[in-house]
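The letters A, B, C and D name the chains in turn, as written, and every chain counts its residues from 1.
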Amino acid sequence: MAVTPTPEALDRLRIEVPSWAFGNSGTRFRVFGTPGTPRDPFEKLADAAEVHRHTGLAPTVALHYPWDRVDDWGALRRHAEDLGVQLGTVNSNTFQDDDFKFGSLAHPDPRVRRKAVDHHLECIEVMHATGSRDLKVWLADGTNYPGQDSIRERQDRLAESLSEIYAHIDAEHRMVLEYKFFEPAFYHTDIPDWGTSYVHCVALGERAKVVLDTGHHAPGTNIEFIVAQLLRLGKLGAFDFNSRFYADDDLIVGAADPFQLFRIVVELIAGGGYGDPDVQLVLDQCHNIEAKVPGQIRSVLNVQEAVAKALSLDDEALAVARRDCDVLLANEIMMDAFATDVRPLLAEHRAAKGLPEDPMRAFLASGYLERVADERVGGTQAGWGA
Amino acid sequence: MAVTPTPEALDRLRIEVPSWAFGNSGTRFRVFGTPGTPRDPFEKLADAAEVHRHTGLAPTVALHYPWDRVDDWGALRRHAEDLGVQLGTVNSNTFQDDDFKFGSLAHPDPRVRRKAVDHHLECIEVMHATGSRDLKVWLADGTNYPGQDSIRERQDRLAESLSEIYAHIDAEHRMVLEYKFFEPAFYHTDIPDWGTSYVHCVALGERAKVVLDTGHHAPGTNIEFIVAQLLRLGKLGAFDFNSRFYADDDLIVGAADPFQLFRIVVELIAGGGYGDPDVQLVLDQCHNIEAKVPGQIRSVLNVQEAVAKALSLDDEALAVARRDCDVLLANEIMMDAFATDVRPLLAEHRAAKGLPEDPMRAFLASGYLERVADERVGGTQAGWGA
Amino acid sequence: MAVTPTPEALDRLRIEVPSWAFGNSGTRFRVFGTPGTPRDPFEKLADAAEVHRHTGLAPTVALHYPWDRVDDWGALRRHAEDLGVQLGTVNSNTFQDDDFKFGSLAHPDPRVRRKAVDHHLECIEVMHATGSRDLKVWLADGTNYPGQDSIRERQDRLAESLSEIYAHIDAEHRMVLEYKFFEPAFYHTDIPDWGTSYVHCVALGERAKVVLDTGHHAPGTNIEFIVAQLLRLGKLGAFDFNSRFYADDDLIVGAADPFQLFRIVVELIAGGGYGDPDVQLVLDQCHNIEAKVPGQIRSVLNVQEAVAKALSLDDEALAVARRDCDVLLANEIMMDAFATDVRPLLAEHRAAKGLPEDPMRAFLASGYLERVADERVGGTQAGWGA
Amino acid sequence: MAVTPTPEALDRLRIEVPSWAFGNSGTRFRVFGTPGTPRDPFEKLADAAEVHRHTGLAPTVALHYPWDRVDDWGALRRHAEDLGVQLGTVNSNTFQDDDFKFGSLAHPDPRVRRKAVDHHLECIEVMHATGSRDLKVWLADGTNYPGQDSIRERQDRLAESLSEIYAHIDAEHRMVLEYKFFEPAFYHTDIPDWGTSYVHCVALGERAKVVLDTGHHAPGTNIEFIVAQLLRLGKLGAFDFNSRFYADDDLIVGAADPFQLFRIVVELIAGGGYGDPDVQLVLDQCHNIEAKVPGQIRSVLNVQEAVAKALSLDDEALAVARRDCDVLLANEIMMDAFATDVRPLLAEHRAAKGLPEDPMRAFLASGYLERVADERVGGTQAGWGA
């Protein structure tokens, strides 16, 4: 009963890839390096551009500050454009300085809060140079032990800090605020759920929006409900896509539960968020044991397949079944869309646009990985520490 | 390092007990009955009054409509007063009529929504008769299968239905809106989290508040954070207290994780909610295998112990340790309060008020259970079905 | 890269449907009835036979004792055969008698244990009459409160009770022992995990095997690992198939996470369990809001699709990718099989066997539901209470 | 109703502290260092000895190989003895070498398995030099993506590798085998649960035992049940104590759920494991934001308090309540022991043994932390990477 998505509908998909995905990352036990890993933001962009070159879906690259600090932002911006991509969201980092051991924007010490706010103001300066629209705030703030700090006072401090940062963003900027269930804080996190991010965003104003990272929820959480709710409230600003079996595993998107990804995209479309530039789709993964560029390509393709399946949903038939409370039929219509093998359609769609039908095979055959492994010798591989 | 709570502070505790706790309840596998189980609301009130008589802590009794429907509400009210208690919150029930199989306030069919709204209007009539302040809305609404109904449209219908009900409550009434992670709906619940309850309450107005049931969260959720956040937002209306190891187990409060209960009370006090009549403390449990009146007494005492421990917290020392980021000391101050054995103090406090030092032993020795087992013969024992 | 399953491979699928799935069931909040619900075991068999008639996959029907007690077991057996199905596993029930309030085979009182053992001996008598091979033991035994009973002593009592029952089964019988994480016990369950079921089965002997119910695990549990492990140990006796988003939701199999179902079937095949009559596939669901016979048909078809996808796995290519530690390729081969739309192949396969291509549409068009709704008037609808 | 523990019973407590707890550790986001952190195994032992000096409870120190590799094991052993402690368990490490990116004992490549086995044989050599009894095996082995490797074949390879190692341990040695739910592997872990560890230990032989790390379970798992079961089966070899709110948070033991710790100790005592040298109690924590030596002291004291509470349990009264199925009384007896404030008794007990009544205050007042912060300047602080 599935319908066929139009090329126009498929073409509305845009995915931002993060610069850090191309550096080394891993677990607290070990970070494994691989030959060819980029050593600076320029090389990260080169890798990111490969994803777009083969899929046509990833035209922008998110930056992380200070990991991606360069002397000449204009040069980085031109480098991106030469590679056929644009610089995107700027992500702040307030979790690696010794001063931030007990928090940043919610820290009990005003000096540390000042430093954390200043870091964000610096990020806003970067945004001017890079032409970025979004300042993404993910905080490691929280506590590890009951009693360690006042949950309530931390909320108030956080609100004040965010408010000062928000006052500095331009009219065309947005602040997007991420929540996370736990990690690296293990007792309480200062923005643990969408509700908390939402109330801060409402207090801040129109240009503050919630970021939903698909790996940042309690076990069993119905994520598509949150998507539907935030779209309904006009406050869904961006996704961080990845997948998880257990915690914030940061696996390739769609790898753990492709049906969940599909349901999320169904709600995204139903709520008007698909193709809306105000609802940014971003990848956020840790390629610890798998090759990084192919890992990003796989994720981008998985999102595209989920979108194509979701666009195959027979909305009219579904509306009738729902009206009739025909549980089994409504579910069957949903499952029909999911069961549809959209890969031939997508291959055809790519071919029509001059893209490789099978982006993964094309990339692997391109010799890119071998080339960078040869070229990128010496120096320090980029990673979460830099 | 713990401090000693004052009698005045201890005296601010008030717990509402629910009429349905004294009837039979259980699991989908089996509901076990026991001799002496009440057969009507009058007998439920008699049982509830025993809790207050022995503890001095449970002066009000929540009703459930239509389970507690009587012909003469005035008679029920006078019966309560004769027993030394007051009628409290009225809980609506929209999950047992065949019409509500696919939902109530969020049902796709306007006829069913009308019926569900009307049921709430009837509850408001009951409130006039009983002198109740709070209309508590817990909904079983949700779906079992992906696709079954539109998550988004259900939110909109829910908002509309709630809005109509809210328009009918009096200036001195409140609507308190409960959320629940799952059950009886197994795919999505229409009010699954505090965020959703909160946004509906904000949309409704000042007298709409969130109900936090301690058993209604995803595994691992930091409940005291939600308490702190809702108090900060001025939207915490009531607690449903119980405890759980797994899901909504509805065990005796404090039985599964007494330290969590303590932390919740610490935040309740820190946020100004303790002793505030606008933050109602209610029990909501299922005494499936244990004796019911003693089960309620145990819960009331467990809450009282948690309160006494929380009142023992050395706030001044804690503030210093927190300011100094002395993680271990701050945690130790918290644990000191928890480790304090407050039972002797509470026994003394009770004695000073003419209450039995050991309410449980006193109740068991009173012969009440034996008497009602003898008297309450014939008729149909009350339960979740009536 | 997927391969095409052979008809012979597809034909090895056999699924047992449970008699109780056709009666009413639900949640502790409410059990909704529907017109046409069977009123006795004979009518349940008639419904079950419809599943087999339309799918060709469900030749046997599991019984539940005493729910399915009849005066004349021979008549029930002949009735089944007339309908084209066979009687299958006998499930014991030791969770609804008042005596079993605090347990059955692990109860502290020897009198109650005796009664529970005797119930199982009675089930063995039934097996003689029905020609059943398997005695399935699922126990509600456990406790709700810490301290309530001795965890250790309950294990020892359980072992002794099981041992006595096992001594009574015939050489061609099996005892299959189910585990469950929680519910209806909410503190501890006497057989909470596969490890516990396994150690009891090992102690009992060769003909004792573990039952894996897909809804009976802690959140996040990797179920296919348990499948692989139990097959490796030669101790996987049966599956109870259903699906869940939260707890033991007992939804239609494959409805919550079709990719998980696929992975389970992949391990079943890899470990030699597929098509092995010693690894019984059984459905165990609660059709609370959906139509029951169609619900069972949907489940059977979902299992069949998962099997067809799993049989599409390119084992040779996978072995090479695994040997090379090519993470992305190995995963891609797995996902290729899952992404394959096997429905046209299965429709063709059915047609070749004289079955309806679309069993669901064929059943709905058959008029069966309307007919039984007309005929089955009066009497008491069967349910979990009978 | 609680009873008073005897000094003899209290004196049977022995806790092993791990050398790595005194080095730096943290999360994947950041490892924070602190002044005074040890730079080599000798300094780690000095820190560990402080725990024993102030508590009298931690006479042995677990080593980690190769993190604790020294040229002269005899010198390390004498250093320990001079400090008043003994070298304890040797922990192997097969998760940080690039060769182990895809596993160690279960790796698809025989060369890597050989290397991993050889590492364990080297550990056994170390045990000869250190006089250690236990070889502790915790493996990071597993996969991140479905299909990545064969779950079943990995079990078989694991069994073979373990078997070769086991063949090399001496008659007075033990191999203790740890399980873990997830992390660093995010799809499947090769030893994810006690059942898997148990079946491998049974296959290996008498001197192979299971290690239970309290942070290595699925959410909601009843850990005390596993303690009871493993003691019943004679296969509980050791604990790794820590606490968690979410995943393997590795917090101070007893910090997250002191009641759970109490219940675990109750089962340990009930099952005969308390004071049995064959059931080793070891700490395993990550002191990321708190001071390390005090963090270990706190953990040791928390275990001691849990033991004292558990020894306060009125076993006789409990047996009667259990026999009578008096749920509330049995639970009350349990809670009485937990509610008892054992700190005065323990202070007295320490004083009688010449130990400081308040070990934490005594240690903090000793000036040790200031001294090592002054002395340990230069060099590289020890951590998980060395």
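Keep in mind that, in the parts below, a residue touches a chain if its C-beta (ideal position, glycine included) is under 8 Å from a C-beta of that chain, and two chains touch if they have at least 3 such contacts.
Just so it is clear, the model here is predicted, and its values are computed rather than measured.
Asker: Count the C-beta contact pairs for A-C and for C-D, then tell me which is higher.
Answerer: Pair with the higher count of C-beta contacts: C-D.
Asker: Quick one: compare the interface residues of chain A with those of chain D and tell me same or different, with half as the dividing line.
Answerer: Interface between chain A and chain D is built from largely the same residues.
Asker: Roughly how many whole angstrom separate the Cα centroids of chain C and chain D?
Answerer: So the centroids are 39 Å from each other.
Asker: Using CA atom averages as chain centres, what separation in Å is found between chain A and chain D?
Answerer: Here the centre of chain D sits 37 Å away from the centre of chain A.
Asker: Chain D: which residues touch two or more other chains?
Answerer: Residues 101-102, 144-146, 181-182, 187, 219-220, 222, 245-246, 252, 255, 259, 289-290, 327-328, 331-332, 335 of chain D each touch two or more of the other chains.
Asker: Which residues of chain A touch chain D once you look at their complex with the stated criterion?
Answerer: Listed in rising order, the residues are 25-33, 95-96, 98, 101-102, 140, 144-146, 181-184, 186-187, 219, 244-247, 249, 251-252, 255-256, 286, 288-290, 384.
Asker: Using the touch rule from the top, collect the residues of chain B that touch chain D in their complex.
Answerer: 219-220, 222, 245-246, 252, 255, 257-260, 289-291, 294-295, 298, 305, 327-328, 331-332, 335, 338-341, 343, 360
Asker: Enumerate the contact residues on chain B facing chain A in the complex.
Answerer: These residues of chain B touch chain A: 101-102, 108-109, 143-152, 155-156, 181-182, 187-189, 192-196, 198-199, 217-222, 224-225, 228-229, 231-233, 259, 263, 267, 270-271, 318, 322-323, 325, 327-328, 330-335.
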